[in-house]
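Both complexes below contain chain A, partnered by chain B and then by chain C.
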Partner chain A sequence: MANTGWDEFEIGAMLRTFDGGIDDIAGTKQEDRSYTQNSSYTASVADWRLVKPVYNKDYCIDCQFCWVYCPDVSIISRDKKMIGVDMDHCKGCGICVEVCPTNPKSLLMFSEQADEETEIASWPSKDKGEE
Partner chain B sequence: MSEIKKIKNLKEFSTSADRFEGANLLCPGCAHSIIVREVLNATNDDLILAASTGCLEVCTAVYPYTSWDASWIHIGFENGSTAVAGAEAMYKALKTKGRLKQPERTPKFVAFGGDGASYDIGFQWISGCMERNHDMMYIVLDNEVYANTGGQRSSSTPIGSSATTTPAGSISYGETKNKKDMMGIMAAHHIPYAAQVSPNKWKDMVKKIQKGFATEGAVFINAVSPCTTEWKFDPKNTMHLADLATDSLVFPLYEVIDGREYNITYRPKNIIPVEEYLAAQGRFKHLFKDEYKYLIKEWQERVDANWAYLQRREEAKV
Partner chain C sequence: MAFDKMELNDIEVWDGNYAAAQALRQAQVDVVSAYPITPSTPIVEGYAKFKSDNFVEGEFVMVESEHAAMSGCIGAAAAGGRVATATSSQGLALMAETLYQASGMRLPIVLNLVNRALAAPLNVNGDHSDMYMVRDSGWIQFDAYCPQEAYDLNFIAFKVSEDHDVRIPAIVNQDGFMTSHTAQGVHTMDDDTAFGFVGVYKPMNDMLDFEHPVTHGVQTEEDWHFEHKARQHNDMMSIVPGKIDEAFAEFEKLTGRKYNHVESYDMDDADVAVVCMGTSVETAREVAKEMREKGVKAGVVGIRVVRPFPFMAVAEALKDVKAVAALDRSAPGGAAGMLFNEIAGALFNTDTKLLLSGYIYGLGGRDLTKAHLVELYNELQANADAGKLLTQQQQFIGVRGPKLAYL
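This part shows the complex of A and B:
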């Protein structure tokens, strides 16, 4: 093994997230970054899921509660609008559904096998509560 | 100093480009990553991060993957704080010598640790960092148990909680010791800024983190992190549990400036009984048996006394 200086790394001791340099990561959206194989962004945990969130944009008010409380960076928001759910990284915890404030909710959990279009077509109507 | 990122509302916050990636191996519904995202998105500056061993470290750096899009140091159980303090010391030295390649950039130094790494194992190291007043932030992800190794009690585990080394049963009600007052200890270091935060109050959290970044000197943050696995609740209820924790005042949100000036930053409109907080978690299930009911009363008294203390400290400004 060759001697390394104090500011050098052994091969494998450092993982690079990006190919080349990104000067302003905080200003570069995920789709514009050139991830390497070492970033978990390129991996998937979709097979962890038993239930999945389905997004119905008709009722969404773009409040972004789902975005801020998603533990897995799986709510995709661009230009202050909710676009959809990143199904490669969603683990199906259901927090987004719990924090959704609309009535009826614009996100609901369905089984992993459920068909998205069918479920959106038969979306529950407004819950008037028990009065 | 660089400009503080403007975050007026949640819509504005949601334009942030995340520097923490999904497909990490944290449990579904884990609050750790919610806290990390809120912290990382609170600034646009470069970040130099470290994590002490714990759920966050082992789940976000499983070779060959990393979930971090910033410089991040993988380090031991006890020295996440000193790793970042060392990086900060080096940065300062290079700056003084004029050897920084991009001197206009102002990186922020942040260390994360679980409550085991902070309250017990890394305690001495954190105390050292705070005493030397490095320009860094230490954030505790306080889930009140060694969740990564299977739920052993830590000195953050509260009375009555059933952990694997303090199991509740016919002769025991679980943990018998009270939770360590880490905020009090850290404030006693007379550091410029210490605060307690909760992921459900994102605005309060972002405000405190930004205040911490703007502060020159050591900053200590204690963040409550409801653990779906060890607190034993349904993953979807993570934010509900955080709401219960802050609204029952089990985790009051406040800040301490220079170790003296206390400010309470969140006063719940409706203070809910501690009983509701306990009832929502499987680890306190046994407290609702007749013979242990007196513990719930004691819990309530303890929380009330702490709240009264905080209010008096805030009023006194000493």
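This part shows the complex of A and C:
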């Protein structure tokens, strides 16, 4: 691909996401799809992230809000169970944290360098409103 | 959704704008995304009226600017529809960015460009500034000299542009007001014949093919951009001319009207010739005939296909001529005119010794009169007789004030 000549690709500024056709994209899990190397599925496209979401499963109620709202399809969820964040594609926008309805939130933003286990160990407690 | 066919007389009295609108109707365009601008407005207005009167079943998208108009066309073409629009001048200038997107994405779109001067000073009349501005944008460009040709070339533009080996958008130029608002007799095709010529639209890599998802408008950097542009140029140079030939031949078979990349009039034995575009071709043809009665062997060459430029055909058409004038209807901004440069390039490595001079004329809709052309042919004949240029290589025609001559 990288070394092909001008006459060896399809015309137009277009790329195919999958090898061949795909019948039931909505019913096929990402890991089971025949992505071409043109798709960024296998590429890390998150290297400009400055802050990252950390997921704390202890408070998560699997409401799927984060999965619905994530603009980069970076929330990994299977059978309506939240599994975690795809850090190769997450850009750190913080929308998942914003929409998380639990108290305390099950997702919080930390600096890119923060240690996940340390942050989960010192997770904030329930906010009981104004003192 | 059913739509009505329209009964047309064999010859209708149409101006260039209405002729183009009728062609869009007969081609059964799926989407017209447009923003009005003088003098092209009646084309999209005409299409919109056909739609409201149930003569088309396409979509008319009224957008907020010409940039959005072409963006809408790009989206619709990428989605898999037959797409067209129209604009002029400042509108084209605002479209400029998206024109390069359309050609680079290899989307077949037909743009009726009703040629008009570019401000400042603001001017709504016809010259070729807008046509010249986008000459490197990677679009095929046809030039119509009258309403009949504006009608015919729209069908040819769809046919060539949509060919799966081509997939390059096409502009159909016509002179603002002089063609667009001048009603003449136009030989029509009936709806079935016209649609039969362009045929049912065949999508390619369309976004609405959900079983084969594609990303359109991708980014490439130094690792891929050059290959894409090389392929685009190659297809323009190697594939498009032959496809235009085929479309011209098929159209002639259907209608009897013959088009050529380069139109030659009275050129067989011509000593002197002018090369020009648009309505000036018709004026020049009339003057050439009159010059011949006075013993000057005058001819006219009209450029029909502006891009891809018919380099070889121009050289062939001019090879036996002694003196040639290139008429450019656009302010050259510190260079020789476009036609002067292209013709000089086409002739440079040939055996011809013809004398080439360039003339800038007609800016902002200034008339090119028969008297101007008589004077011009006489000047060319004097060059031919002297065997050398008696003037500078670039002059202006019809401008007030001290004579302008350069180079």
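Here, the second predicted complex is superposed on the first by the 111 of 131 C-alpha atoms of A that agree within 3 Å, B and C clash if a C-alpha of one lies under 4 Å from a C-alpha of the other, contacts with A are read in each partner's own complex, and residues count from 1 in each chain.
Please note the rule applied: contacts are C-beta pairs under 8 Å (C-beta built on N, C-alpha and C of every residue); 3 or more make two chains touch, one makes a residue touch a chain.
Remember, predicted model here, so these are calculated numbers, not experimental data.
Enquirer: Between chain B and chain C, whom does A:W6 touch in the aligned arrangement: first, second, both, or neither?
Expert: So A:W6 only meets chain C here.
Enquirer: Look at A:L15 in the shared chain and tell me whether it touches chain B only, chain C only, both, or neither; answer first, second, both or neither.
Expert: A:L15 contacts both chain B and chain C.
Enquirer: Once the shared chain is lined up, is A:I120 touching chain B (first), chain C (second), both, or neither of them?
Expert: Touch status of A:I120: no partner.
Enquirer: Answer with first, second, both or neither: which of chain B and chain C does A:C60 touch in the superposed model?
Expert: Neither: A:C60 stays clear of chain B and chain C.
Enquirer: State whether A:I25 touches chain B only (first), chain C only (second), both chains, or neither.
Expert: both
Enquirer: Does any part of chain A touch chain B in one structure and chain C in the other, and if so which residues?
Expert: In chain A, positions 15, 17-18, 25, 38 sit in both the chain B and chain C interfaces.
Enquirer: Note which residues of chain A are touching chain C in the complex, please.
Expert: Residue positions touching the partner: 2, 4-7, 9-18, 21-23, 25, 38.
Enquirer: What residues of chain C sit close enough to touch chain A in their complex?
Expert: Spelled out, the residues of chain C in touch with chain A are 104-107, 167, 205, 210-218, 220, 223, 226-228, 230-231, 234-235.
Enquirer: Quick check: in the complex, which residue numbers of chain A touch chain B?
Expert: Per the stated touch rule, the residues are 15, 17-18, 25-30, 33, 37-45, 48, 62-65, 67-74, 77, 79-80, 86, 88-95, 97-99, 109.
Enquirer: Applying the document's contact rule, which stretches of chain B touch chain A when the two form their complex?
Expert: 10-34, 37-38, 43-46, 60-70, 199-200, 202, 228, 234-240
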